[in-house]
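Would you mind keeping the following structure in view while I ask a few things?
Letters are used for the chains, namely A, B, C and D, taken in the order the chains are written, and counting of residues starts over at 1 for each.
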Amino acid sequence: MPYEFKLVRRVEFIETDMAGIVHYSNFFRYMEAAETAFIRSLGFSIWTQQAEPPVGWPRVHVECDYKSPLRFEDEVEIHLLVAEKKAKAISYAFRLRKLNAHPPVEVARGVVTAVCVTHVHGKLTATPLPKFIADQIEVAPKELLDAGKPRA
Amino acid sequence: MPYEFKLVRRVEFIETDMAGIVHYSNFFRYMEAAETAFIRSLGFSIWTQQAEPPVGWPRVHVECDYKSPLRFEDEVEIHLLVAEKKAKAISYAFRLRKLNAHPPVEVARGVVTAVCVTHVHGKLTATPLPKFIADQIEVAPKELLDAGKPRA
Amino acid sequence: MPYEFKLVRRVEFIETDMAGIVHYSNFFRYMEAAETAFIRSLGFSIWTQQAEPPVGWPRVHVECDYKSPLRFEDEVEIHLLVAEKKAKAISYAFRLRKLNAHPPVEVARGVVTAVCVTHVHGKLTATPLPKFIADQIEVAPKELLDAGKPRA
Amino acid sequence: MPYEFKLVRRVEFIETDMAGIVHYSNFFRYMEAAETAFIRSLGFSIWTQQAEPPVGWPRVHVECDYKSPLRFEDEVEIHLLVAEKKAKAISYAFRLRKLNAHPPVEVARGVVTAVCVTHVHGKLTATPLPKFIADQIEVAPKELLDAGKPRA
């Protein structure tokens, strides 16, 4: 069962700031892109109509440690690992690497915890993960989460 | 009846890019802020539940001419003028000025045309302006729109 | 010589707004991505150190006509056409199409005019296009610009 | 000596996403706005030319816990507390409250750690806090940081 996913993207001009580097908030943009692509790779959507009622995934906790800056046109690999799977929430760990360094260098690590909710009349209520998602994913092996380094 | 509105805001760090100036897309952020504040000043909201069914204002045309860059912590005045009022659409003209120049200097002019729509089951349908908005605003005087300069 | 370029990307969650559609300002994000990828395809960078002094490309005019909304996970093709090539400026025309409609549907058309500048001590000065860029691109055929439709 | 700062702003349309709430990444936008306003209130700028060489403040760690969503036009108070002052870094704690709830409700708590760096030829090097900033701020009282609640 899948417990990881990798996405590669290139830094865009609009993502930089006057310090000449990627604005730190965009690292969450990158992590979200990897998360939605991961769910899509399972045949679903993060904003799914496949559950009844439809569910969403608001974040309850996010964090990021920045080790090295990213710059315009850098190639970034976002490596998602399923860190925790609870009844109504999923935590992902992320490792971001700059691929156009020699050798590639880890630039950041992040964590995102999303809770599964239904939206009824604008009210968010925590709800169990849809079975078709919960059944398909598993927590990544401990050594992978601890090391935080992709296996060769 | 109101035909203009002014909003002042300060350029934020996140709005800059690696060229050291405000990324051009943020000028639309500024214009949108002035537009929503204008509607709010009339006692309504751009995303109103005050109409039945609720209406929204997707853009059908926007443009901007950039004359001079904005930088971090500059003070910007966004001057909104009602340029056209149609049955189902409003056009706004915008003049943006940098107030912390001596004298203040016009940095950009923009145009935004928004159509009034209802959202029913995800489908957008053009609909007449809500009466409580249409009755309250009028088109700015021609000389103001032509000159594009705030009267002293 | 190249006069057009196509880029395909998928709408991201962060690009949507509470109306359930892509916020209109993101269409400029898409056009910028196509423009930088076009320049990159020529072997250069929009933020080039390959000229001496380095040059940048601030926008002097942008516009966009919106015909149909884009939604989360839609596939968008951004078709760039060189619309005008002046001594110190380039204009691009853009056609955006939603590829996951059957048949694909044009959702927007845009125009972006960028001026080539040097940045010296924070001052922007218009300067002729770098020869290695100017020599490589040409204006798209008139019928293509007029029709605004990709040739089959 | 100052150890806290409060900023109030209103949620903008562009900050919402298709879930109808503020996209979580914008909470960092709000915290950054409070941080730059705090530094400005001391007579300096987060992107200061007042130090020689100029210094910047890249983030090395950020986190946020989300308790309740924010929606369009909500009024948010961002309460900044100086949580730690090291030789070359500052940590801020943030409490975000929705003021237009009765009574106001805490919607999020964040932490941002920024390192003071010089930018020389594009290289970032950690450097001691400028004296004119370090001398002016102090760490907030422990009970304030622990309680995380503004004193009445």
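By our rule, contacts are C-beta pairs under 8 Å (C-beta built on N, C-alpha and C of every residue); 3 or more make two chains touch, one makes a residue touch a chain.
All of these numbers come straight from a predicted model, not from anything done at the bench.
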Q: Please find the path from chain B to chain D through touching chains that uses the fewest steps, and give that number.
A: 1
Q. Is it true that over half of the residue numbers where chain C touches chain D are used by both copies, so same, or is it different?
A. same
Q.
If you average the CA coordinates per chain, which chain's centre is most distant from that of chain B?
A. A
Q: State, to the nearest whole Å, the distance from the C-alpha centre of chain B to the C-alpha centre of chain C.
A: 24
Q: Could you grab the centroid distance between chain C and chain D? Build each centroid from C-alpha atoms only and quote it in angstrom.
A: 35
Q: Could you grab the centroid distance between chain A and chain C? Build each centroid from C-alpha atoms only and quote it in angstrom.
A: 29
**Q.** In chain B, residues with contacts to at least two other chains
**A.** 13-14, 18-21, 25, 29, 32, 47, 72
Q) Touching chain D in the complex: which residues of chain C? A) 13-14, 16-21, 23, 25, 71-72
Q: Using the touch rule from the top, collect the residues of chain D that touch chain B in their complex.
A: 12-14, 29, 32-33, 36, 40, 45-47, 72-73
**Q.** Complex contact set, residues of chain B against chain C
**A.** 18-21, 24-25, 28-29, 32, 47, 56, 58-67, 69, 119, 122, 124
